[in-house]
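We call the chains A, B, C and D, going by the order they appear; numbering starts again at 1 in every chain.
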Amino acid sequence: MASAPFNRFVTGVIVFAAVLVGLETYPPLMARYGPALHLLNDLVLAIFALEVLLRMGALWPRPLRYFLDGWNVFDFLIVVGSLLPGLGAYAVAARLLRLLRVLRLIRTLPDLQIILGALLRSIPSIGYVLLLMLLLLYVYAVAGVFLFGANDPFHFGNLHTALLTLFSILTLEGWVDVLRIQYFGCARFELPNPALCTQPQAQPLVAVVYMVSFVLLGTLVFLNLLVGIIVNSMDEMRKSLQERKAPSSDLEARLEE
Amino acid sequence: MASAPFNRFVTGVIVFAAVLVGLETYPPLMARYGPALHLLNDLVLAIFALEVLLRMGALWPRPLRYFLDGWNVFDFLIVVGSLLPGLGAYAVAARLLRLLRVLRLIRTLPDLQIILGALLRSIPSIGYVLLLMLLLLYVYAVAGVFLFGANDPFHFGNLHTALLTLFSILTLEGWVDVLRIQYFGCARFELPNPALCTQPQAQPLVAVVYMVSFVLLGTLVFLNLLVGIIVNSMDEMRKSLQERKAPSSDLEARLEE
Amino acid sequence: MASAPFNRFVTGVIVFAAVLVGLETYPPLMARYGPALHLLNDLVLAIFALEVLLRMGALWPRPLRYFLDGWNVFDFLIVVGSLLPGLGAYAVAARLLRLLRVLRLIRTLPDLQIILGALLRSIPSIGYVLLLMLLLLYVYAVAGVFLFGANDPFHFGNLHTALLTLFSILTLEGWVDVLRIQYFGCARFELPNPALCTQPQAQPLVAVVYMVSFVLLGTLVFLNLLVGIIVNSMDEMRKSLQERKAPSSDLEARLEE
Amino acid sequence: MASAPFNRFVTGVIVFAAVLVGLETYPPLMARYGPALHLLNDLVLAIFALEVLLRMGALWPRPLRYFLDGWNVFDFLIVVGSLLPGLGAYAVAARLLRLLRVLRLIRTLPDLQIILGALLRSIPSIGYVLLLMLLLLYVYAVAGVFLFGANDPFHFGNLHTALLTLFSILTLEGWVDVLRIQYFGCARFELPNPALCTQPQAQPLVAVVYMVSFVLLGTLVFLNLLVGIIVNSMDEMRKSLQERKAPSSDLEARLEE
C-alpha cells in the first residue's frame, strides 16, 4: 500500500488537484469550462476517498489505528469535509478545503516533511527570545497607546492596532511616516485617514526616543530570533537528512549481501 | 521566600497586571468597568507592596541589604511611585508606571534574564564598531547640513534632523526620495512640506556620491554591528545557560546522594 | 591559442564591446557618432568571428569538438546571430545580442567562472527549501484570490497577479498597504487604481491572520533559502579556488625541479 | 611625543573640534556666537599646527620622514588647507575641511584604526564577487535602457540613470513601483514626473521576468558580497586585535620581571 508507484501516483493526483484549484482563480476559465473542472474535482475527490479506504484496509483488522497518525486525520477530514452536502452553500470554505489538498504534498515528499519538521521543531529552542520579542511588542504597544493614542488613532488607537503598527515597524515598512506623525503632530503631517485627527499633539522628543529605541531593539531581537531559528533548523535538517540516509544505506548494505 | 510556588504566584500576578494595563488602552472598556479595573490595580499594588516587605523581612536583621540588588530597587521604586499621591495629576506618568510593572517579568523568569543579560553584555564587545557607526553618522550628518541644508531643510535643516534622516536611511526606508530631492532640487521634486523649499538647488553628482557611499558604508557597518551583537550574544547565551544548568545538575546530584 | 596574451587581448576586446554597447544608451551620442560606433561594432564582431575560427582551427582535424564546450556554443551563437541579415529589422533584439557579448567576460576570467559556478551549483542542494517556498507562495496565492480577489482585483485579481503581489510582500515592499486594503476594504483605503474597486469588503481579522502569517513564514523560509545558498556557495567557492590553486602550485613545484 | 597624555590631549581637542563643527549647523547659534566659535576654531587650528610641528621636530634631523606616514600627510593637508587665505571665498569647502578634522579621531584611537583597516582590507578578498555584482548591474542597466528607456525615461532614460535605479532596487526600495510602470505602461501607472511619459508601452511579461530575476540575482549576489565582507573583516579584526594585545602582554611580562 505504501509502495513507491502508489505514492508516486498519489503525488501526481495532488499536483493535478493543485493545478485544478489554481485554474479556479481565473473567472473566464470557470465560466467556460466550469462543469468539466467540477467533474475533474469530483474525480480527484473519489481518488482521495479511495486512498483513505485503502490505507484503512491495509491496517485490517484494526482500521482505527489509521487515526493515530496526524497526517491520516488531516487526509480524512479533507475528504469528509468535501463530501458534506451543506458546505456547498459556503463557496469560499469549499474552495479553501480544495486548496488544503495541496498541503498533502508535504506528506508524500518525505524530504519536504523533514525540512518542515526541522523548521517547526527549532521554534521551542528559541522560546525565550520569542518571549522577549512578545514582551517588547506588548510594552511598546501599551506605551504607544498611552503616548500617541490621542494624536494618531490610526496607528495607536488601541492595543491591537498598536501591535499591528509595531509589527509593521519591525519589518521597517513605513516606520518613518509613523514617526513623523508623532513628531510634527497629525495636524502638520497627515494621517492616512485625516478625519481621525481630532487632538493633534506634536511630541518630537518622545517620538524620536520611542521609535528609534524600538527600531534598534526590535530589529536586534527580531534578527536574533530569525537567525536563531535558521541556524537551529539547518542543524536539525542536516541531522534528520543524515538519519534518513543512514538507514537506507543500511538497507542497501543488506540488499547487497 | 524565594520558593518556587511563591515565585510562580508573583509571576501570575505580574501577567495579570500586564493584562490590566492592556485593557486600559480600550476607552469604551474603561468607561464601563473603570472602577472595577481601578480596584484590581489597587489589589495588584497591594500584593507587590507586600512582596517588597516580605523580601525585606527575609533579610532581617539587615533589611537594607535588600537595596543591594538592582532589581529590588526597581521593584521598590515601582511600588513607591504608585503610592505617591501627587502622581494622580499626571495620568500618563501613572499609566507608564503601571506598564513598567510588566518588566518585573524579566526578573521572575531567570532564562529571560539570562538572554537579556547576554544581549546587553555583548554590546561593549562591539564598542569600536559602534563608535565607527557614530563617527560615520556624525560626519555624514554635518556634511549633509553643509551640502543640502539650504535645498532640503526638511531632511537636512540642522544636525539633529540630519542625524534622524541618516538613521532612517540606514534602515533603507525612503532613501531614494531623499536622494531625488537633492538630485533634482526641491523645486522639481517636492519636499513632504513644500513650503520649506526656499532655495532650490540641484546637485546630481554630489547627491549621488553622498547617498550611495552612505548607503553602502552605512549598511555594511550597521550589518557588521548587528551581526557582531547577535553572534556575541548567542555565545554569551549558550555559556550562561550551560552555567545555569551545570550547578543545578550538581544540586540534583547532591540530592540524589 | 589559449595563451595568456591571446586571452588578455580577447578580454580587452570584450570590455571594449561592453563600453560600446553602453554608449548606445545615450541617444545624443548615437545621433552624432552613430556611424563610427557602428564601424567599431563591426570590428568587434570581426575579431570575435576570427576568434571562433581560430579556436575551431586549433582543434583540427576535429573542428566539431569545438561545440562540446557550452561556452563555445554561446560564443558561436553570438557571432552567427549578429551576422544574420534579417535581424536588422528588430533593433532591440540586435542590441540585446550585442549586450550578451559582455557575458563572454565570465569565460575569459576563470575566477569569475568559478564563483558563478559555485553559486549555481549550490541551488540544487537547497532544492527542498525552494520547493517549500514555491508551495507556500502557491497556497497563499490561491487563498488570496479566493479571499481578497473581489475586494482587491489589483493585487489579488487572479493567480499570477497574486503570485507577483506575494513575491513583492516577500521583499517587505509595500506589504502594509496591501494589508490595509483588505483590512478596511477598498472603499475606505484606496487601490492604486480606484476604478477597480467594485465590491468593497472589509475583512480585518482574515487579512491580519493571512498577511502576518505570510510575512513571518515567508521571511523565514526566504531567509533560510538565501542563507542556505550563500553558505553553500561560499563552501563551494573555497573548494573550487583551492582546487584551482593546488594544481598550479603543483605546476610550480614541477617547474622548480 | 607619542606619549599617552599627549595623545589623550590631542584626542580631546579633536572631539572639541567635532562639537564646534556640529554647532555650525545651527544658523541661530552661528548668528549669536559666530565670532566666539570662529575664535575657538582658530585655537583648534593653532593646536593642530603646533602638533604637526612637534611631530616633525621629533624626527629631527630628518623632519621630512614625517611625510612617509599617510596619516601625517592627511594631518598636514588639513592644517595647511585651513591656513590658505583664498579658501575663505568657498564657505562650503572650508566647512568640509573643518569637518575632515573629525576623521583624525581614527588615528588617535588605534582600535578604531584596526577595525577600519580590517574592513578595508577585506574588500579585495571578495573582489570577484564585487566584479560579478558590477557585471550584473551593467548588463541589466543596458538591457533596461533598451527595453524600458522609451516607456520610462525617469528610471531608464540612459545608462547612469538606469544604474542608479538598479542600485536602489538592490536595496528593495520602491522596486514594485518601477515594475508597475513597465507592467502597465507609463500612461496607466504614473511616473514621478508624468511629463516624461511620451511613448507609453506596456510590457507585462518582459517587465516581470526582468525585475523578478534582477531582484533575486541582485539580492543574492549583494547579500553574498555583504556577508563575505563582514565574515572576512571579523576574521581580520580578531587577528589584528590579538596581534595588538600579544605584544602589549609581552610588555607587561617584561615589566613584571
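Some points to look at:
Here, a contact is a pair of C-beta atoms (placed from the backbone, for glycine too) under 8 Å apart; a residue touches a chain by one contact, two chains touch by 3 or more.
Since the structure is predicted, the reported quantities are computational estimates derived from the model, not experimental observations.
Among the other chains, the CA centroid farthest from that of subunit D is the one of A. Bringing subunit A onto subunit C by least-squares fit of CA atoms involves turning it by 90°, to the nearest 5. Averaging Cα coordinates per chain places subunit C and subunit D 29 Å apart. Averaged C-alpha coordinates give centres for subunit B and subunit C that are 41 Å from one another. For subunit B, the set of residues touching two or more other chains reads 172-174. This structure has the following touching chain pairs: A-B, A-C, B-D, C-D. Across the complex, subunit D meets subunit C through its residues 128-129, 131-132, 135, 138-139, 141-143, 145-147, 149, 158-159, 162, 172-176, 179-180, 188-189, 208, 212, 215, 219-221, 223-224, 227-228.
Taken in their complex, subunit C has these residues touching subunit D: 18, 21-22, 24-27, 92, 95-96, 99, 102-103, 105-106, 109, 111-112, 114-116, 119, 164, 167-168, 171-174, 192-193, 226, 229-230, 233-234.
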